[in-house]
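Each in structure tokens, the structures are laid out below.
Here subunit A shows up in two complexes: once beside subunit B, once beside subunit C.
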Partner chain A sequence: MQELISAVIRGVPIGCVYALVALGFVLTYKTSGVFNLAFGAQAFVSAAVYYVLRIRHGWPIWAAFVIAVVLLGPLLGLLLDRALFRYLRTAPTVAKLVTSLGLLVAVPGIVSLLLNFGNSPAYGPTGIMYHGDVAYHFGSYALQRDQIATIVVTLLAAIGLTAIFRFTAIGLRMRAVVESPRMTELAGVNADRVGAVSWMLSSFFAGLAGVLLAPLFPQLSSENYFLLIVAAIAAAAFASLTSLPMAFLGGLLLGIVNQILTVKLPTDSILAQGLRPSLPFVALFLLLVLWPGLKNRREVTDPLAGVDPPPPGFAADERSVALTRATHVFGALVALGFTWWILTQADSFWLALFTQAVVFSVIFLSITVINGMAGQISLCQATFAAIGALATAQLANNFGMSVLATMVIGAVLAAAVGALLALPALRLGGIFLALATLAFALFFENVMVKFSWVSGGRVPPTVPRPVIGSINFNSDKNFFLLSVVVLAIVSVVVIFVRSGTTGRYLDALRSSEVAASSIGINPARARITAFALSAGIAGLGGGLLAIQEKFANYQADFSVVFGLFWVVLVVSIGARTVEGAIQGGFGLKIFPELILLRLLHVSSTWQFIVFGLGAIAYAKNPEGTLEAGKRKSLNFIQRLLDKRAGRASPDDQPVATLDLPPTEPASAVGSEA
Partner chain B sequence: MSLLLADAVTKRFAGITALDNVSIDVEADEIVGLIGPNGAGKTTFFNCLLGLLKPDGGEITFDGRDLTRVPTHRRARLGIGRTFQRIELFTGMTPREHLLVAERARRGTGALWKDVIGRGRPTAEEQERAEATLTLLGLMPVADRKVEALSLGIGRLVEVGRALMTEPSLLLLDEPSSGLDRNETSLLASTLREVQRERKMAILLVEHDVDFVRSLVSRVFVLDFGTLIAAGTTHDVFADAAVRRAYLGEMV
Partner chain C sequence: MRIRGVALLATAALVAASCGNAASKSTQNTGAGSTVAPNNVNANLKVHHPITETGVTDTAIGVDVVASINNPLGNNYGALADGMTAYFAMVNAGGGIYGRQLKITKVRDDGLANNATQVQAALSQDNPFAVFIAALLFTGAATLAQANVPTFGWNINAEWTGPTNFFPNEAALCFTCAGPVVPWVAKQLGATKVGVLAYNVPQSADCLKGDQASFAKFSTGKIVYHDASISFGVTDLSAQVANMKKQGVQLVLTCMDLNGTFTLAKEMAAQGLKAVQILPNGYDQAFMAANGKYYEGSMVGPQFTAFEHSPQPPEMKSFEKWMNTTHKKVVELSMQGWIAANQFVTGLKLAGPDFNRQKLISAMNTLTDFTAGGLLAPIDWTKGHLDPAKNPEARGALDCGNFVKITSNKFVSAFAQGDKPWVCFKHADLQVTNPNPVPLPTPTNYSFVNVGSTGG
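== the complex of A and B ==
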């Protein structure tokens, strides 16, 4: 009993931090509809600045705290709202999600460049108390000064928030928005100001949580902070995404249960080692799938309300046949010339790099399927790739099967896991699918990878290169060719699927789910198919990567954070086309090496900033910068051609649309029928 | 045995009862009207029939089968087709593609493995059937334009065509003439009559345009504030005093 109570007591401070995070998270979700995945990154900003002021410059605690939390926190929130989220208020949820994902990737990069974290790692962050680790004893229970401070500060913050809500004009308006966003919009509340203030408050909470949490980690790293968001979302889901007090309570409970589990589970069991750190993800996943408050969310919304607007047609569809053929011929020539160059001129360094670029292109085609075709965001593509890679290695090592066979089995296994995962999650729709995949990815990383039958334990399992007859793929050139062949096959499959039944069904579903189901399309089945196919492609690419590297190395290649970066990268280049995925593969491998390191001589951290900020443009160009650029240049070429032929360009003709309200008489362009 | 039998269907939204014990029956191959002022619950009734909304009470039987636990896409396969009041087309697709998707959905022959080996494109037979329906509806001249560039009237016909491809034995039309001008409306009426003659199906028609209703249907149901206030032959119902007050009053 006493053991239990002391576990509860130890759980309270960490629960307090979770509660702060949950409050801030629900606040921005309710007022601006943004699922702020970058919340942890914001916490990291304040923690990093606090660290630099305190430890590197030796400032007193109060001064560092005021600058890093009280000033910088709200300022950052204001900046994000004014520069970014203000314009996204009516954007589709997926666009908002991608934007915050872009921030999540870019912000830590910017911070570590600005504050020089790359050169002198930030060891031993301290809390907001002098001698923070000194403990006071209450009877047989003990609390450290830092922990007490955390509890006090959290209570003050909660009281402050309540006071703002109760007694200030803007607080009253915010409460109205939080409680019923639609009503208040009708009543004409200035959503702009409410949005700005809630972003400032939320960001302040993020900063507070960041600084309070810092002493728990031996080193200040953005990855630790990223996990904060999981606790926040779990607590928010507990509150059915609506109630602030419930979110607070949820965070607190999460912290306490976490500590109780530490005590109660036998310490040496893998279950304890795995389950304790992964509790937030398990809780998040179960809440997402089972929590009744979320389950009913779909039923209450208008079934005929619009879904995310469907994407525009492909740029390629708009050009003339001759131009299409010309670009195809040109593309084939470039690919051939490029292959020739690699096989004859490149040294082994570049050969390996380009092979990896090709392999990653395969993996990225899985994002083309799930995002570009199905319009969903999955945050566990790296996990599927890992499943493929680990299965390839383990089956080949333990059962002596040919690696090419185990690579295919790995892909099938990943597809099966994908289908199983999608089954409960898809019912919840876009944003919740994204969150469930994130929870799964973190669960895999923190629990499954610990099992040696999964990841091979401490040493990553080796993978042999295949030998088919007289062709030995131990030769890097042969392996490069094999990768190119796999990429070609997968590309063709993706193009076939896009123009086949599955692709058409997904197109229909994206435009109008009700209309699609009214003609007999099963929405869940179509989406699960897409999800499984995507997982399978990722698994295949993962297996190929393992064979190329001769290791299946989870930590080095497939961690959750990489997976998030992949999504950001592909989405910012263009997730709808096969070229987009291929350019993504080369962007990942060649861009940092060639452009950043060799040409510009800057740190490769810049890639996170470039692509992270690129993803922020997603809301404006959901088709990615590549496709948007292509459309522009194509329009230009087409216009030139048309002018030469003496035709008016199609842009000059007025086009009647069906977007008119139904009561308006529509202008009749097609009335010759 | 009626084709469609809705028995005491009730649907409540927070605060209002959109449908209150509504019972409607439709025989095979018959055109039936469902009229009522704005907000009477007509669209809600359609949504309940197709399973987009779950009724709070009552029972819906189609072709002798209880539909309560049947999901929307299965009801479509059983033979209920529909068009939408607020048009719901697939952006970026042409009328031909709309019909081809629906044809594939009806056959249910699409499978991922067929897509993967490149056998996912429409077959010659599917193309033929789509063209037959396009011709029937007079859509051939615009068959290969993107729907965004077509007029509302054409858009409504595309919706009818898409529903027809699923070979419905009951077609639900939700205000097909709204937003159309006189010419387009009479063209639509004659097209619908021809469609019904050629394809043989029951039609349940929601409409505001009284002439349009009279020209097509034999029987009418009248909804007002979620309750059925009259039912019977077109002639009797339009002569009914309560109906004239509730519905036609504002128009006569």
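== the complex of A and C ==
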């Protein structure tokens, strides 16, 4: 019993760390409707500036704190709101999530470049307490000053923020603006201003957390914050992303349960080695699936959302038949030209790179299916690809099976896992489904990958290239052609599914699940089909990648962060079309090498920044940059054609109009009203 | 330099970086005074033969560097090229080798997970004679092995084991082997109760197995507490420290990266656990200047002769002189670059004036005592490619370590005897095939300065 009490007491300090981050999540979600995965990046910005002022320039604590947290935090929040999030108030969850992921990728890179953290690492960050590592002893327990500061601030934040939302007008307005900015405007509230205040408050809190938690690490690094926020998501889910006191409690419970497991489970046991490191992710998944507070929970939707027009059709659908034919011919010629160049002119490096671009295009088609067709957000596509790759490698190595057969088996296995995952997860919607898939990906990474029968242990398993009859795919050119064939087949399957019954069911479900159900569509079956198909395609692509690389390396190709990056890339380019996935594949592999490194001669850090900024640009083009570009070029070409034909100005007769939710701040309407 | 990059990414490589720098080094020759100087090592370096070989022109021999430089983890291994630049400058100032200057054709940044891509780019576009690697994830290993390109670099990846054209700065690593050095250090510190903490990843778990095997074999102490279920990115080890305190642990072995050891060190200080940590890595002067107060009294075993030992071997003085001349920073990775370049030049000398890739590889594989002028414990490349866990004979003649102690935010020399910093055990005395436990033999201190051939 004494041991248990000790574990509970020892769990409080680390529990408060989780609670602090969870409060940040809930605060941002309550005040902006954004599940802000960039919270860690915002925390890093303030912590980095605090470090530079305090350690490099020797400023006193209070002065560094005022600049880095009190001023910079809200300023950053204001900037994010003005530049990005005010355009997204009524946008779908995926748009908000992708934008925050873009920030997560881009902001730390920019800050590290500006502050020269690459060449001069930020060693020895300090907190807001003088001699923060001095410990006070309470019986057999020790608490450092920094820990006490974290506990006190977390407690005060939980109480203070709860009071703001419960008892003040601004708290009520912030919640109201998240629910429906337009309805709030009708009540005379300036939603624009309230939204800005919300972001300033949450960004201040992120900065405060960043500085408070910096002494946990020997070096200031955005990755440290990322790990912490990932672990704290479970506490936020425990609070259903809405209750600040529950977030506080969730964080504490997480810390305490972890301590109890440390004390109670034998350190050699499989259970300890599997469960303890994955506790936050297992807890997150179980909470999402079983927690009554989240049961059948759908995100709060704007009551006025019904007046929004449906998503626009594809730009390509609005082209004339002649223009469509011309586009197809042009596209085919470009593809043939590229293929000819790759097969006859490119050296082995470019051949391999283009082959990988094709393979990643296959994997990215899985995002087209789950996001573009089913409208769901899955953050575990890299995991499905890993399942395909590892199954391909292990079956080929251990059972001597044909590698093409193992690739197909890997795809089927991934599809089965996808379907199984979909069963409990599909009752969740939007951000909660995204979190469930993220939890699954983290569980796979933290538990399954550790088993050598899964990942091969210290050295990744090798994968042979196939030989079919007289065609030996050890030849990179032959393998390139095989990859193109696989991409073509999968693309055709995706197009057929999209235009077939399942695709139409999914379209109907995206528009109105209730209406779709009323005409006999089974939402669960349609979505499980989409999930399984998507996972299967990812698994197939993963297997193909393993064969191309001749090894299946989880760390190098399939980690959770790569998976997040993929989603950001494909969604920001355009997840609704096959072209979007293909452009994503080529963007991932060719763009950094060709444009950044060879033409612009910038460091690979810029790769992350540019992709991050691309995702941020997506905030203003929620249909994806590809569709936006297509629409613009279509308008341009049509204008030219009209001009030649002597028709009226396209300004008077627009070929294609884009009726998206308002891209101007809703306050403009409100102020006129 | 090897500050941990905290991330879910690249966990394996990072922990390999932690554990790959184990205090015990297996070497293959008897060391003291035994020198293998193949015929060509004193070849006339002015002789210029026309050579048709990739990366070699009439005036230069070009090599590529593929290193992890810019990545989200903050692990920058680019200083490998700095040490190479300094070494090449020294050789070139002396007229080069075989009438040719040594040059780095290109430094390629593999970021985080683009090693295979950059290796392929290097081979197909830069045409280097040899490639130097310091990578978080060495995914280009198979390509280099298949192309039979002489490959040098920093051994923190399991992929270095096997291919006979790979010559890292340390022979094949053995995570699970029982070694005498750490039990000996425990004995020197008077520590009989040992704790071991490890992450739940294969590399780290293997490191724990190695520690357990070591203390089972040479029972100078007993592992009274261990935990192999710690998650990467841990920020709280209060329960583990409380347990170790309860068990009276005096020595803590960590199979973790610097973030883990930092969390541990702070918690040990807070709870008043007066135990010494042996860090598997952390030989980073800038890091210790900032965080050393938490590690007071802890020990680090660098892969090479530590900068702090005095007197320094002449090669160390050359290193510092040429790093200064080329305006490069003296850090762990730059020394690794210097050693890699030294090994490369040694191979060229052995290969002779009509060298080519295969001749260099073959010549290197006859080396039995490479020490980089006393910077390393001897490496025997006739056996050094083999996995010691599967081939006990590959463990060679000596088990060695050299140590520094952290005092007042700095490293100071430990266990050195005069100019002999390396503490070594003769493998023949270790009774590896006898059942546990066996008595710990008496070690001998070595300098290795005059051992083996060197390119310097």
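One rule holds in what follows: the second predicted complex is superposed on the first by the 473 of 673 C-alpha atoms of A that agree within 3 Å, B and C clash if a C-alpha of one lies under 4 Å from a C-alpha of the other, contacts with A are read in each partner's own complex, and residues count from 1 in each chain.
FYI, a contact is a pair of C-beta atoms (placed from the backbone, for glycine too) under 8 Å apart; a residue touches a chain by one contact, two chains touch by 3 or more.
Here the structure is a predicted model, which is why all the values come from computation and not from measurement.
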item	value
Partner chain(s) touched by A:F226 [first = subunit B, second = subunit C, both, neither]	second
Per-residue touch tally on subunit A - higher for subunit B or for subunit C	C
Touching partner for A:V493 - first (subunit B), second (subunit C), both, neither	first
Which superposed partner A:S518 touches (first subunit B, second subunit C, both, neither)	first
Partner chain(s) touched by A:K550 [first = subunit B, second = subunit C, both, neither]	second
Which superposed partner A:R86 touches (first subunit B, second subunit C, both, neither)	neither
Touching partner for A:T529 - first (subunit B), second (subunit C), both, neither	first
Which superposed partner A:G503 touches (first subunit B, second subunit C, both, neither)	first
Subunit C-contacting residues of subunit A that also contact subunit B	none
Subunit B residues within the subunit A interface of the complex	47, 50, 52-54, 71-74, 76-77, 81-82, 84-93, 97, 100-102, 104-106, 108-112, 114-121, 138-142, 145-155, 157, 159, 162-163, 165-166, 178-181
List of subunit C residues in touch with subunit A within their complex	3-13, 16, 69-74, 76, 109, 111, 113-117, 120-121, 123-125, 137, 139, 142, 158-159, 175, 199-203, 206, 226-233, 235-236, 238-240, 242-243, 258-259, 262-263, 266, 269-272, 286-287, 289-291, 293-294
Residue ranges of subunit A touching subunit B (in the complex, touch as defined)	299, 303-304, 309-313, 492-493, 496-497, 499-505, 507-508, 511-512, 514-523, 529, 533, 655-660, 662-673
Contacting residues of subunit A [partner subunit C, same complex]	6-7, 10, 13-14, 17, 108-109, 112, 117-119, 121, 123-124, 133, 135, 137, 140, 142-144, 216-219, 221-224, 226-228, 230-231, 255, 258-259, 262-263, 265, 267-269, 272-274, 276-278, 347-349, 352-353, 356, 442, 445-446, 450, 452, 457-460, 462, 549-551, 553, 555-557, 559-562, 593, 603-605, 607-608
